[in-house]
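Both of the next two complexes hold chain A, though its partner changes from chain B to chain C.
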Partner chain A sequence: MSITQIALPARGVRVRAAAANGSPALLALGALVVIFILTAMLQPGILSVSGLTLMLMASVPLVLAAQAQMIIMSVGDIDLGVGYLVGLVTVIAATLFIDQPLLGVLMIVGIFVAYAAIAYVVQKRGVPSIIVTLGMSFVWLGIGLQLRPTPGGTTPEWLAAISSWRPTWFPAPLIFIIIATLIGWYITRRTLAGTRMRALGSQAPTLEKAGISLVRVRVSAYLFAALLLTASGLLLASQTWSGDINAASEYTLMTIAAVILGGGNFAGGRALPIGTTLGAVTLGLITVLLSLINIPSSLQSAAQGLIVIAVLAGRILIERFSR
Partner chain B sequence: MTTASLRRTAAETAPALLLQAHGVVKRYGSTTALAGVDVAVAPGEILGLVGHNGAGKSTLMRMLAGRETPDEGTVTWHDGGTWNQRHAEQVGVRMIYQELALCPDLTLAENIALSDRGARGWMWRRTAERHLVETLDRVFPGHGISVVRRTGSLSMAQRQMVEIARAMCTPDLRMLILDEPTESLSIDATRQLYAALRELARAGVGMVLISHRMQEVLAAADRIAVMKDGRIVDIVRAAETSEHALLAAMGGDVHPDTTTVRTGTAMPAPDFASDAELACIDGGGIPFHVRAGEIVGLAGLAGHGQDAMLRRLWSNARGVRTTRRRAYVPGDRQTSGIFPLWNVADNLTVSATRQLSVGGFVSPRRRRALAAQWVDRLRVKGGARAPMTSLSGGNQQKVLVARAFATDSQLVLLDDPFRGVDVKTKNELYALMKIEAGRGRGIVWYSTENTEMSHCDRVYVFRSGRIVSELRGDEITEDRIIADSFGADTATETI
Partner chain C sequence: MTDTTVTRPRRTFTWPSWGWSLLGVIAVWAVIIAVRPGNVFDPLTQALSLAPFLVLVALGQMLVITLGPGNIDVSVGTIISMASYVSVAVGGTAGPIVGLAAGTMSGVAAGLISVLAILLLRVPPIIATLATSLIVTSATLLLADAARGAADPGLRAFVNAKVLGIPVLAIAVALLTVAVWFLLTRTRLGVGIIATGQSERAAERAGLPVTAVTATVYLTSAGLAGLAGGLLAAFISPSTVLGSSYMLDSIAVVVIGGTLISGGRPVPAGAWTGALFFGLLSGLLNLVGWSVGAQNVLKGVLVVLVVIVAATVTGTGRSSLRRLRDNLAPRPVAASEPTTQHKEKIHG
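For the complex of A and B:
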C-alpha cells in the first residue's frame, strides 16, 4: 500500500477554526469582564485570593449543573428538573450519608436509573423532554420534602473537607470551575460519544443512517448529565454543610440561561463548555454585583433577569451584524 | 485505502453478482411503491437507475442499502444472510444521499467519524480527518475544503463533496449507491466524481447511480434500468440506448403537457395590469428588469450570484425596485418549503390567506375552493386532504409552486424549484408558468439546468456574482449559456 503525504490542517488553521466555532461564547466573556470590572470597582477587596474565593464559591455547583444542562441541551432537550434534583442530592448527602450510607448510595444510583429511563421515554415515545423533566422535578421535590421537610442535617466529614480546602496562593473555586469545564469539554468535544450526542441534537436522521442506536446516545447523554448534577449537589452540600431541597431551586432557569449566554441554543447540536462556564460564572457574579449596589434582595432576581435579557439581545444584534 | 489494495481484495473474492433482488414488493399503506422488482448488481459495474419521481427509485435504493425490508421477495448479498442495515454496513455497502445528510453543527471530521468504523479509539478525530482529506484529495483534487470547519458553514456543493467522500472513504468498499450525487456539484466536480467512479469500477466496486441527468447516466453507466410505477420496465446497455429512448421508456413526454395547458386556459382571464415594470435593478454593468408577462431566467454556474439576486428581489434590498406583492418558491423543499404537519390544502393556501380572508378571518369555503381548484389543475396525487409528507417529492414541489401562483402576487420568484423533479411534473409546471405569464405575471426563474432556460423569454447569465450577458429568444441555447458562464471564448465540453 502506497502511503502518500496528505496535508492535514496546520495548527494555525485549527486554532482559527476552533475560535470560529466557539465565537458565540465571546459574548459571555465580554459580559463577564464588564461585570467583574464593575464589581472590582465597587469592592476592591475581591481582588485578593480570599476575595476571589468568596466571590466564586457559589458559582462552582452552578457551573457543574450548567455543564449538565449543556449536555442535555446539546441533544436538543431541556432539563427542568435540575434545581430540585441538585437540592435532593444535598438532602441525601446531609441526611442519609451519615445515618444510612447504603440507602444514600442506592438513591444516587436510583437517580441515574431515573435519568436513563427519562432518556428512553423521550427517545422511544417521543414525549418532549420538557414535560418529562418538569414532572420529574416534582418527584424530586416530593422525595426531598419527605426526607427532610426543613433545611438542616450534617454532611459527612470527607464531603465538608472538599470545600474547606482553601489554599492561600490560589482561589480554590477557580480550580473546581476549571475541572468542571474540562469534564464538560471532554465529554462533549473530545469523546466520540459526545460527538454523537451533538449529532443527535443537530440532525438525528443522519445518526440513524450511520447505524447508531439513538436510544443509546440519548441515554448516555442523560447519564453524563446525571453524573454532573450529582457532583453539583454534593459540592453544594459540602459548601453549605446541610441539606435543603430548595437550596438550588433557581438553578433550573439559571443553568438554561448560562448555556444560552455561553452561545448554546435551544435547537440542540451545539455544546460550548467554556462558554457555558463563562455564562454560569457571569450569572453568579451578577448576584454578587447586585448585592454590592444595595438592590433589595427581593428585586435581585428581577434585575438578574433583565441583565440576562440585555446580554442575549446583544447576542442577537451581534449575530445580525456579523451576517 | 489505495485502489491497488481495493483491486486485490476484490479480485480475491470476486463473486459473479454482489447483490440480488428478487420479486421485491413494498407497500406503504394503500400505495404500492415497488410491485415486483428483479435487479442485480455485479462487481465493477455501474448500474444506472432512471425514472420519474414516484416510480419507486428511492424505495428500491433504500431496499438495496438494507434500510428497509421488502414485504415480498428477497434481497440477498452474495454470501447470503439476512439483508439489513447492519449487514450492509459490515460488508461495505455505502449510500450517498441526495438530501443534506451531514450534521450542520459538527465539524467535517466529526461527521465522518459518525459513520467511519476505522475512526475509533483515542485518535478517532485524527483518523477521521486523515480519511476525509485522503479521499477528498483523491476524488476532488483542488477541493479547497478545510476538514476542521463546521459543516454548516460550507456551501451546498462542498457539502455534497464531503457526503460523497464520506461514503468513499470506507476502507473495504464493495458497493456504492448514489442518489442524485451531482445535483449541486459544479461541472468540474461532476467530472472529477465520474472519473473517481470509473476508478472504483475498475477496482471491482459495484455501483447504483440514480440521476435525473440522462446525459450523465448515459455516459457513466454500463447498464441502465428504467423504472415506472414500481417496476423495472427495461434494462438496457448504456451504449445501445439514447436519451430519447430512455425518456420514452419511462413514459416521459418531452413536449409541454397539453392537458395542463387546456385546464389552464379555462382559468379566468388576465387580472393583472399588463406591460408594467415589475422589478428593476440598475447600475453595475447590465441592468436587470422584469416586465409583466415575462419569464426571465437566471442562468450560469451554481453559486455565481443567481440565488443572491433572488434574495435581493424577495427582500426588496437597497437599489431594487419591485412590486409590493411577490411570491417565492424555495428550491430546498425539505428545509424551507413545506409545513410537514399540515395537509396539502393548508400548505397550498397558506400564502393566499390575505386574499381569502374577510375582516381578518379566513373563509374556509373559499380556502377549500382555492385548494381544490389547484389540486385539480396540477393533478396533485392524493388530493387536497392528504398529509403533505405522504406525497412524493414531485407532488410536494407541485404544491409549493401552486402556493405561489395561488396568491395574487404579480411577481413570482423561483429558486431552482425543479431540482430532482421528474420529467412529467416538470413539463406540467413549465406549461403552468407559460400560462401564468400569459395572464400578466412576471416570473424570475433561477435554474441550474441550462436546458430549462429555453422556456424563458429572456435569460441573464451570471458569472462571479455579476450579470455577464442577457440572452433573448433564439439566443437562448445551452451552448451559449455555458459559453457565457465560463467566459465568452472558453471552449467547453458537456459532460
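For the complex of A and C:
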C-alpha cells in the first residue's frame, strides 16, 4: 500500500483519469436509473422489498456471469461459451448432484480443467479465444443435451435454499449482486493476479519482460472466470429448480454487452467490476421492463437488440466526445 | 526427406491450406464405406445434397472473417430462418424466382442493420450482428405467425434435381465458389477485402475504400444467408429454427477449410472441403448411432483441434508441410520465445 501512495500522481490528474475511466460506467448508471424509474412508474409494486426481490432475481446469475466475462475480456479475450456453460452447470446441478454427486463434482472440476486448457492453448499457440470458446460451446451444449435432452430435474435442497432465502428487511438478490461485484472487484483490482491480468490485456510484452509467465496469468484469469461461471450456473439452478442447457443461452450476448456497457473494451487491459454489474443489471431490467409494457413476446428480442445497439452506440459516442 | 527439402528450399511442395480438410473428407468417406459397404459414391452424393447450403453461408462468412480480427457474422443463422418464410410467402404469389430474390433481399436488409451499427455507430461487429440476429428473430416469429405455406413445386424440383448423380444445386454453388475466387483474386473489391484483413490501417492509407469494402462484405454475407434460407425452405421447409445450426457450422467450416481466422487469407475451396467434411461426418455419426449431444461434443472438439493444428502449421499465413515440420519437430526452437529473443540480441 505504501508504494502506491508514494507513486500517486497529482490530484487533478487523478480526478480527470477517474472521470475518463468512470464515464462509461456513469452511462450504465444513467441507463439503469432511467429504466428503473420507467419500471417503477409502470408497476409501483416493485418499490417494496418483495417487488425488488422479484425484479432483481434474474439479474443475479447474469451479474456473476458478466463478472466472469469481464475477467476474460480484461486479458483481451472473449468467451463465447458462457451461455451454454452456465446452462450446463444448471443441468449438472439438477441431474448429477441428486443421482451421482461425485460425478457431478468431477464434472465441475472438469470444467475448471477445460478452462485452464483453453487458456493454455490460447496463450501458447496464439489461437484466437473467440474460436476456441465457440468450439467449446458446442462441447458444453453436447454434454448438456447428453445429460438432459429436455429441461427438468430437481436441484438438491441446499441449493434451492440459497434462493428461497428471502429476508423481509432487504431484497436478497441485491445482497448477492453486491457480493458478486465485490468478488469481481477484489479479484481484478486488489490482487496481484488481477493486476497481472490487466497488464496481460494491455501490455503483454512488458509483463513478459518483467519475468512473469504469461501462461500462468492467462490460466489464472480463466480459472477465476470458470469459478464465477460455475457460481452463476448454480444460482440459476437454485432459482429455477431445474436444469436446462438452454436456460442461459442469451448470456453470451448479454455478458459481453454488460461489460462493454459498463466501460470495458474489446482490446483488454480494462476491468471495471462496478460498471459491469451496472451494465448487467440494466440489461436484466430491460427484460423486466419489456414484459411490463406488454409488447408482444415475438417483439421482445428485437427490442432487446435495438436497446443494446442504442446503449452501446451511446457509450461510444460519449467516449468520443469526452476526449 | 528432411535433407532434400533443406538443401532445395525453393522446390518444396506447398501444401494447399484446404488440404487438411480434404484429407479429413477422404478419411471419413473411407470409414463410412468400411462401416456400411455399398455404393462407394453414395455417402458423397448424400453429403453433396446438403453441403451447397452450408457452402453458400460459409462463403459469406469467409469474406467477413477475412476482413480481419473481430469480424464475424453471427446473424447468418437467424437470417436463414427469416428468409425461408419470406421466400415462401413472396414466392407463393409472385413466383419462385421473385421469392428467392425476396429472401435474399430480406437478408441484405438485415445485413444493412449490422452495417449501420458497425460503420456509423462503431459497435463491434460481433455485438452488432448479435443484435441484428435478435431483431431478425423477432421478424421471423412475426412472419411465422402470419404466413404458412409450402415452397413452390418448381423450386422444390430444382433443389432436388440431379445430373449424373450430382445435385444441380451443388454445381451451381460450385460455380459461385469459382466466382468468389475470381472476385478475391482478380478484382479490385477482392484485393480490397484481403488488404483490409491484412492491415486495415495500411489499406486505408493506400487509399482503399475500407468502409465500402466492409459494407459490401457484410451485405454479401447476409444476402448469401438469405439465399440459402430461401433454398432451404424448398429443400426442407420454413421453420423458426431452420438456420440455428448454421451460425456455428459456417464459422467452423470456414476455419476447417483453412481460411485464416485472423483475416487476410480467404480460401474459397476450403468452404467446400470443410462443408463436405462436416456433412460426411454427421452422416457417419448418424450411421454409427451417436446422439445429437455426442455429435455436438465431437464437432466442438474438432473445431478446437483444427484451430490448434492450423495455428501450429501456419506461422504467418502460408501453410506448408515444411512449416509443419519446423513447428512440430524441433519444438524448443520453434515454440519458446526466449530462444528467438536471444538470437536477436546476438544479431543486434
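Note that in this section the second predicted complex is superposed on the first by the 302 of 323 C-alpha atoms of A that agree within 3 Å, B and C clash if a C-alpha of one lies under 4 Å from a C-alpha of the other, contacts with A are read in each partner's own complex, and residues count from 1 in each chain.
Keep this in mind: a contact is a pair of C-beta atoms (placed from the backbone, for glycine too) under 8 Å apart; a residue touches a chain by one contact, two chains touch by 3 or more.
A quick note: this is a predicted structure, and the numbers were derived from the prediction, not measured.
Student: Contact-wise, after the overlay, does A:S298 reach chain B, chain C, both or neither (first, second, both, neither)?
Tutor: In the superposed model, A:S298 contacts chain C only, not chain B.
Student: With both complexes overlaid on chain A, does A:S164 touch chain B (first), chain C (second), both or neither?
Tutor: A:S164: touches no partner chain.
Student: Quick check for you: in the superposed arrangement, does A:R196 touch first (chain B), second (chain C), both or neither?
Tutor: So A:R196 only meets chain B here.
Student: In the superposed arrangement, which partner chain does A:G269 touch: chain B (first), chain C (second), both, or neither?
Tutor: The answer is first: A:G269 touches chain B but not chain C.
Student: Which partner, chain B or chain C, is in contact with more residues of chain A?
Tutor: Touched residues of chain A are more numerous for C.
Student: Would you sort A:A257 into first (chain B), second (chain C), both or neither based on which partner it touches?
Tutor: Only chain C; A:A257 stays clear of chain B.
Student: Could you look at A:L207 and tell me whether it touches chain B, chain C, both or neither (first, second, both, neither)?
Tutor: In the superposition, A:L207 contacts chain B only.
Student: Mind listing the chain B positions that touch chain A in their complex?
Tutor: Within the complex, chain B contacts chain A at residues 1-2, 4-5, 67, 85-86, 89, 95, 97, 100-107, 110-111, 113-115, 119-120, 124, 126, 129-130, 133-134, 137, 146-150, 153.
Student: Residues of chain C touching chain A in their complex?
Tutor: Of all residues in chain C, those touching chain A are 69-70, 72, 117, 121-124, 126-128, 130-135, 137-139, 141-142, 145, 248, 251-252, 255, 261-262, 291-304, 307-308, 311-312, 335, 337.
Student: Which of the residues in chain A end up touching chain C in this complex?
Tutor: 78, 121, 124-128, 130-132, 134-147, 149, 208, 253, 256-257, 260, 266, 297-306, 308-309, 312-313, 316-317
Student: In their complex, what parts of chain A are in touch with chain B?
Tutor: 1-2, 4, 6-9, 13-14, 17-18, 20-21, 192, 195-196, 198-199, 201-203, 205-207, 209-212, 269-270
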